[in-house]
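In the two assemblies presented below, chain A is common to both, partnered first by chain B and then by chain C.
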Partner chain A sequence: MLQQWVQYFPDMMKGVLITLKLTGSSLVVALVFGFILALMRLSTSKTLNLIGTWYIEIVRAVPVLVIIFLAYYSLGNILTLSGFTAAVVSLGAFYATQYGEIFRGAILGVDKGQTEAASALGMPSRTIMRKVILPQAFFTILPPATNQLSNLIKDTSLVFTIGISDLMFQAYSAASNNFLPLDMLLEAGVIYFVFYLVLSKLLARWELNVQRSRS
Partner chain B sequence: MHIVGLYISPIAIGALKDLILTILSTLLSFVLGILFAAGRLYGHPVIKLVIGWYVEIIRGLPAILQLFIIFFGLTQIGINLSPLTAGLIWLVAYGTGYAVEIFRSGIMDVAQGQREAASALGLGRWITMRKVIVPQAFALMLPALTSFVVLQLKNTTLLYLIGYADIMYQARLGADATEAPGTLYLMAAAAYLIMSLVIGRIGYRLEKRATAYR
Partner chain C sequence: MSNEVVVSIRNLTKRFGKTVVFEDVSLDVHRSEVVAIVGPSGAGKSTLIRCVNRLHPFDEGSLQVLNHQLNKGSQFPSKQVLNDIRTRVGMVFQTFNLFPHLSVLENVILAPIEVKKVPRKQAIQQAMELLDMVGLSEHANKYPKRMSGGQQQRVAIARALAMEPEIMLFDEPTSMLDPELVGEVLDAIQRLAKDGMTLMLVTHEMQFAKEVADTVVIMADHRIIEKGPSREVLENPRTGRAQAFLKRVLNPVHATELEREVAVGHGGGR
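Coming up: the complex of A and B.
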């Protein structure tokens, strides 16, 4: 049994690489798009506000797997996406809603007096956002953002359904080679769990540091 | 439009199946979740540890991996489950992991003063729990419980991957037969969207009513 674990370990690591690449790319898309969504929902323009709100409400209510299938199989008629691009687009589109709400909450959470003080000093509103609000919102963003990152890593496992050879895919194909599904899935599970533990330990550290630095 | 008419009833039946699974698994996970939460808060240290790790493992592993371990993995040790059984077991196991944390923080969030006041009035532990803590905790937990039900509904999608005939399964069949995947997957998305919105609406109504307790 152990021999099988060792034998397929290199394959699993190849999968991990793809999983990490996918996580990184989707995270960038989700952060950028999420920030735009947050700004839309905070803007004074009614139309932008409505679009942002509806986008978040709708996309959040649909399972990630459905979004992946929509992007991969349906957009194919209009423009052909590679599996990897489709995965990045759909994970990015879904997680943008999560990050959008996190950003919005954090920006709203910064005391109103800060904005007022800054504008009394004659700062333009872009500078206020960049120099006053965002640095303060950053610490409120960190814990939920890390949490979502660990959700994102877990959800990348869904892309094996469109044939991307990530960790989950490697575990599945190893299992169909050696007929030891329990062993192979558990091996992948251990690897996923390590990522989860590292992230949640990091998170606990961060929270401690932030509490210390702010008290 | 022709395609929509052709596949609307299979997808509706799939939706109904998903809804029943969601309700059933939610009820079971709530019962287990309350028991586990009580165990984690007031139980023996060993019980606390075991439940703590259970929650971590459920939260730390990808949903699809857990489902595959139950459905494919267990065949290695001679346990063959039908897609429905495996799916239901997983939904309850997964839901319980999340429900524990909701109930635990709900119970903890009710102020300590409430508990002290109740015991100063000579109320027993059980009565305090039932008449003082739970009604207040319930109101606090409602938003989390609503999103829990939506999460469970979305999780039922994964059952398609082990061959259970839910919405996605029907959409896939249709997509393969008609070569119009866009329409079919949009119909699936719409089905989930409608159900999620209805659940959200019900949750919102309940919340409004429950705030009367506070």
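Coming up: the complex of A and C.
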């Protein structure tokens, strides 16, 4: 088994690179779009609120795989999206709902007195959000956001179904070469695990550093 | 105290839904006047001063703050008006509400830099002077959670003063403090009064109100039941409701004893 693991390791690393790129790009889309969704749901405008709410309710109820297929086969055909772009759009669109709710909860969780104090000092609402609310929401956001990141990493493995040569795809094609699906999938599994372990440790250290700098 | 009226409250009524917070409240505040608002909790004192800087809307009546007319209803005044009022009216809260993610110095300079666009260097210099005034300049780099309540509240005062307000609102600034820390905060407030700042102060510190305030307003049962020169109102209240309130506050043990005696007396007569 070890010999097979070593033999296909370079291929797997090529896959990891794609998985990494995919995770990063989808995360950026999800964070930006998620923040917009949170603002929509917190907005006093009824229309924006309704759009945000419905978007979240619908999209998070649909399996990610369905969204990926929809993006790739229908939207992708019309707009001639590459597989990678379609994957980023669909993962980003789905995870935006998750991050949107995390952001909204964290923003609501900041004590009302903070907004009052900042308003009483004459700060406009945008400044209050940027300088007072978000920096405090950070600690509420980070743990569940890390959690969702682990889901996102794992869900990137679904994109092998639209022919993107990510880690999962590499494991799959290796298995069809050497007929050892268990070994190859196990190798991929271990790599996914290490990938997430490193990321979550880095995030935890980041959180600790910020916490220390503020006391 | 000058003749210029800076806050003019006319027949103001405020409700939360159907609950009346206060009704038909009228009060004029002059430049450099110190107005203490006292009374039992739930009388609407805090809500009243929160209307002055438009943290709360009101339902009836009219309110003029620094020559700006505030209208009834939940519609905000124009950005310009709101901004002008809020930069010229400072506020200190019962729960301090310092920004916990910022150091003491950063708390004080944030609004001048962000709102007034004061250059950072200048803002820091001014903030250090203010912190010096409240006796906290050596704590400038500390974070709020490392400080006592009294220190936090003094930082909050410095933070409000950094916007160079003309009127300061104090919403029960000492109610959350340990008794031995009350003095240092009242000290800072008294200094402001001496410097001619216009103050509206909701408080339970009767002695302080008597000594520092020009005018005392007693609110109870959702209205103003008595107002006038502080000594007069606190020493010789005219209405029965005000007398009962002051008796209970100034001499709590004795007052309840009296009430009990009255109650026992009633029981015996049955």
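Just so it is clear, the second predicted complex is superposed on the first by the 196 of 215 C-alpha atoms of A that agree within 3 Å, B and C clash if a C-alpha of one lies under 4 Å from a C-alpha of the other, contacts with A are read in each partner's own complex, and residues count from 1 in each chain.
Definition applied: a residue touches a chain if its C-beta (ideal position, glycine included) is under 8 Å from a C-beta of that chain, and two chains touch if they have at least 3 such contacts.
Every value quoted in this text rests on a predicted model; they were computed, and no experiment measured them.
Looking at the shared chain after the overlay, A:Lys131 reaches chain C, while chain B stays out of its contact range. Contact with chain B, but none with chain C, is seen for A:Leu185 once the two complexes are overlaid on the shared chain. Using the contact criterion defined above for the overlaid structures, shared-chain residue A:Ile58 touches chain B, although it does not reach chain C. Of the two partner chains placed by superposition, A:Gly163 touches none, neither chain B nor chain C. With both structures placed on the common chain, the touch criterion links A:Tyr73 to chain B but leaves chain C unconnected.
Within chain A, not a single residue is touched by chain B in the first complex and by chain C in the second.
Per the touch definition, chain B reaches chain A in the complex via residues 56-57, 59-65, 68-69, 72-77, 150, 154-155, 157-158, 160-161, 168, 171-172, 175, 181-182, 185-186, 188-189, 192-193, 196-197, 200. The touching residues of chain A, counted against chain C in their complex, run 111, 113-114, 116-124, 127, 131-132, 135-136, 214-215. Residues 58, 61-67, 69-70, 73-77, 150, 154-155, 157-158, 160-161, 168, 171-172, 175, 179-183, 185-186, 188-189, 192-193, 196-197, 200 of chain A are the ones touching chain B in the complex.
Against chain A, in their complex, chain C makes its touches with residues 53, 55, 79, 83, 86-87, 89-91, 93, 95, 97-101, 110-111, 114-115, 143, 145-146, 156, 159-160, 163.
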